[in-house]
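Next up: some structures, all given as structure tokens.
Next, two complexes with subunit A in common: one pairs it with subunit B, the other with subunit C.
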Partner chain A sequence: MKAYRSMVKMRLLLLLQYRAAALAGIATQLMWGFLKVMVLQAFYLATNEPQPLALEQAVGYVWLGQAMLRMLPWDGDLEVQELIRNGNVAYELCRPVDLYGLWYARALALRAAPTILRAVPVFALALYVLPESYALRMPSAGGLLAWLLATVGALLLGCAMTNLMNISMFWTISGEGINRLMPAVIVVFSGMLVPLPLFPDWAQRVLEILPFAGLMDTPARFFVGQLAPSEVWVFLTRQFVWTVVLVVGGRWLLRRGLRRVVVQGG
Partner chain B sequence: MAQIVVHNLQKTFKVARRQAGLWQAMRGLVKREYTLVRALDGVSFEIQEGELVGYLGPNGAGKSTTIKILSGILLPDGGDCWVMGRIPWQERISHVRELGVVFGQRSQLWWDLPVIDSFELLRDIYQLSPGDYRTALAELVDTLELGGLLDIPVRQLSLGQRMRCELAAALLHRPRILFLDEPTIGLDAVSKLMVRGFIGRLNREKGTTVILTTHDLDDVEALCSRVMVIGKGKILMEGSLKEIRRQVAHERRLIVELDGDHPAEVVAGQVLGAQLVRWEGRQAHFNFQPDRITPVELLTQLSARFQVRDVLIKDPPLEEVISQLYGELRI
Partner chain C sequence: MQGQRAWARLKYQRAAMGSIRLYLRFIGMSFRSQLQYPASFLMMTMGNLTVTSIEFLAIWALFTRFGSLQDWTLPQVAVFYGMVHTAFAMAEAGARGFDILHRWVRAGDFDRILLRPRSTVLQVLGLEFQLMRVGRFAQGLVVLGWGIRNLGIALTPMQLLLIIGSICGGSLLFSGLFILQATLSFWSVESLEVVNVATYGGVEAAQVPMSIYNEWFRRFFTVVIPLAAINLVPLSAILEHPSLQGVPGWLAWLSPLAGLAFCLVCLKIWHFGVRHYRSTGS
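Presenting the complex of A and B:
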């Protein structure tokens, strides 16, 4: 356990070194946030029909997406992918620890550290500084608790996906393909592009089954109050089942991958 | 039972290949061609606790593959292997706990962080108690002279400094067996001597078993009590350096310094029963076989015609022995 904690700490140390990147990231996320809010406002003004998500909820949903952006499993862990690509994975295999666990710990740090760094200013701005029509509203205590729980669920699920992408490297050698494919999938199916409640009904049924809604859509809907806090157990179970499936599958693949491992570069 | 037993180990790699050119590349999209490379083709040996064994062979002979199988990283296609009674790839985690590994061409330290951060991570990975860690670290800092290096990010270390840190990283958990895969590659003379001295001391004082693969034959000469030569996936020769020398090159070398310049043919023509292999300045190098001609006879021949100012008799350099060995074994 201590090894994993230590690994998380290492990664935090490393990622916190990049302050300039964090600042630039925050600026970009704010810009995109405004853009998306304005597009949504235009859409809502153009229709009189009641929507499944009220405008102020949709605006809040956008800001939550911007704040938690870095938690999404956009790509594999570039460091682990590089280890496999250049053969340094040999050293990882010489350690008396479970490799899946070690990489999962790395993924946790990889997703959590930049999120903490960037979420705080975006939340502060969206909650307290922006004018009424652009702002994120503070939820009830129950909503906040449900959001917190679902966010933890989302993090664990995202790390299982990250690990799966890492492990795929044993077959593909280059992570490029998967690293380009995943953002497209994630952006659409997690609700980053268009809030999932605004999708047509037939799509909702598919989106609900896929694991990607658990990454961003689920916590965001609890925060903006579109879902009642009492429903949180249903959604946590859904996230949990997917996490277990991906972890078990990932472990199985890793075992098979290690059997065919070739240490690149002699 | 010996500490390390390897029996009839086999490993084959599939290597994709295609010829140069765009057309061939497009063809490769449809039809892949593979060649099977037999990296290990029935390797067997035993190593006793506390031995320091050199593992030699040309590039691609299967040295690193053997080390990787022994470390539990690679799975062999056939054969058996026990390290301290365990099968490495089946009990990987308990196996590697007692194993230290240094791959000279790779790094186990975190590139952007100070060395000490990597050491502390290893402390937690190997679950060392704070006391054990402190003693081990203090000892390594002392013997490897790491004093000023621990707070420097790894990327700012010189290669020699980094290699010393790599050695320390591999030894923090006091392994009983140490695998060194080309630990002196690319090091300058001073760092090389230091690393070499350290490995020898570790083996003598702690009784750590060491397997050393290297192309640096001075390393082997200085350190190894026993040498195994591998080529084309097989162990071709095994024994002390002396034995290998005797088997390969029964020749000895006579180096004489002559008074005055002479054409090479004249010098060579003067001596029967020995071969002039080098003639530079006023130094002549002769190879001769002691069972055919004695050095005294050689000198008598030489001094009949030349003034001999200085004489040295020694074994031919190890490089030549080994390259001759590789040549004879056709590897």
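Presenting the complex of A and C:
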């Protein structure tokens, strides 16, 4: 356990070095958030019918997406992918720790560090600085707790996906394909593009079953109060089941992948 | 005297012809290298098409729920969307050299460009012409065509020409932004993503009618970066919509030229930047 803990800590410290990039990122995120909020406001102007997500909730949802953007598994761990590509994965096999666990720990740091850098300023601005009609609202204590739990669930789920992308490298080698395809899938099915509740009703069942809703949509809906905090257990179970499925599947694939690896002496 | 002037003119013409020929050579080389792996090229293009089409999926999904965007219809929005995406795809493909220039500057390779007896702009343009951007272009064109067909008005040839002119104007405008981004790299090779706010952010902003935005936001994209001049203003000569009333006709027809003007200003800044370039010295 200690090895994994120090792995997370080392990666966190390393990734927190890039502060200038984070600042530029925050500016970009704010701009994107404003654009999305204004488009949604214009759409809501067209109708008086009650929607599955009220306008203030939709606005909050957009900001949550911007704040938690970096937590989503947009790509694999580039360094691990490089290890597999150039064969240095052999060194990883010499370490006296479980390889899947080691990569999972790396993924946790990879997702958590930039999220902390992004989320804190975006939350501060969206909650306290932006004018009323653009702002994110603070939820009830129950909602906040449910959001927190679902966010942890989302992080664990996302890291299982990251690991799966790493492992796919044993077969695809280049990794270009998966690293390009995943963002498209995630942006649509996690709610980053359009809040999932606003998709047509017939699509809702599918969106609910897919694992991607658990990455962003679930925590956001607890924060804006579209889901009651008492429902959190149902959604946590859903995230957890998917995480277990992906971890077990990933471990199995890793074993098969390692069996194929041929290490050249040198 | 007469003969001398004619000689000078001839020399100038030949130099210009040479530049064009050289550029075409560069492009040809770039094409050949990209088509060297046809399967890979095809997949990249399909990927580009899918990833960029997602933006329209979002608009379509929201239209099925809300029916209209403020009081704009889906075909009208499709025209805005198609125009800005085709324009951006052309800029992305053609001005790609400026987009990746910071790598050259960081490595000190820009010296090589300065040493050759040709204009820097020509050489940077020739670095790469990214063919796979045809994916974004194709989906933009399809959406634009669908929008025009379903507008419910028959376009005159002149109006069609205005749309094409606006797309070209838009492409020049986005190229100008790529040139600015490259110029910035002479001073700093970090944090260049800030420019994304104007490029990718500009596409995102202009793919729906910009009249729906907040006052200050609209002003930024009209005055600072004249994005409105390449879609909202020229489309006032074509689309019927209350928010487009009051735009004088001559302005609608001339506004795509703002893209050209913007690009020329960016080129001036580029030349200023080149004079201040300092190599890494390695």
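Assume the second predicted complex is superposed on the first by the 261 of 266 C-alpha atoms of A that agree within 3 Å, B and C clash if a C-alpha of one lies under 4 Å from a C-alpha of the other, contacts with A are read in each partner's own complex, and residues count from 1 in each chain.
To be clear about the criterion, a residue touches a chain if its C-beta (ideal position, glycine included) is under 8 Å from a C-beta of that chain, and two chains touch if they have at least 3 such contacts.
In this text, all values refer to a predicted model and were calculated from it rather than measured experimentally.
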First (subunit B), second (subunit C), both or neither touched by A:S6: first
Greater residue coverage of subunit A in the superposed arrangement, subunit B or subunit C: C
First (subunit B), second (subunit C), both or neither touched by A:M38: second
Subunit B versus subunit C as contact partner of A:L93, first or second or both or neither: first
Partner chain in contact with A:A21 - subunit B first, subunit C second, else both or neither: second
Set intersection of subunit A contacts, subunit C complex versus subunit B complex: none
Residues on subunit A engaged by subunit B in the complex (per definition of touch): 2-3, 5-7, 10, 13-14, 17, 87-88, 90-91, 93-98, 258-259, 261-263, 265-266
Subunit C residues touching subunit A - in the complex, by the definition given at the top: 43, 47, 50-51, 54, 57-58, 61-62, 64-71, 190-191, 193-194, 196-197, 201, 204-205, 208, 212-214, 217
Residue ranges of subunit B touching subunit A (in the complex, touch as defined): 13, 60, 64, 68, 71-75, 92-94, 96-97, 99, 101, 103, 105-108, 110, 112-113, 117, 120-121, 124-127
Contact set on subunit A toward subunit C in their complex: 20-21, 23-25, 27-28, 31-32, 34-35, 38-47, 51, 177, 180-181, 183-184, 187-188, 193-194, 198-200
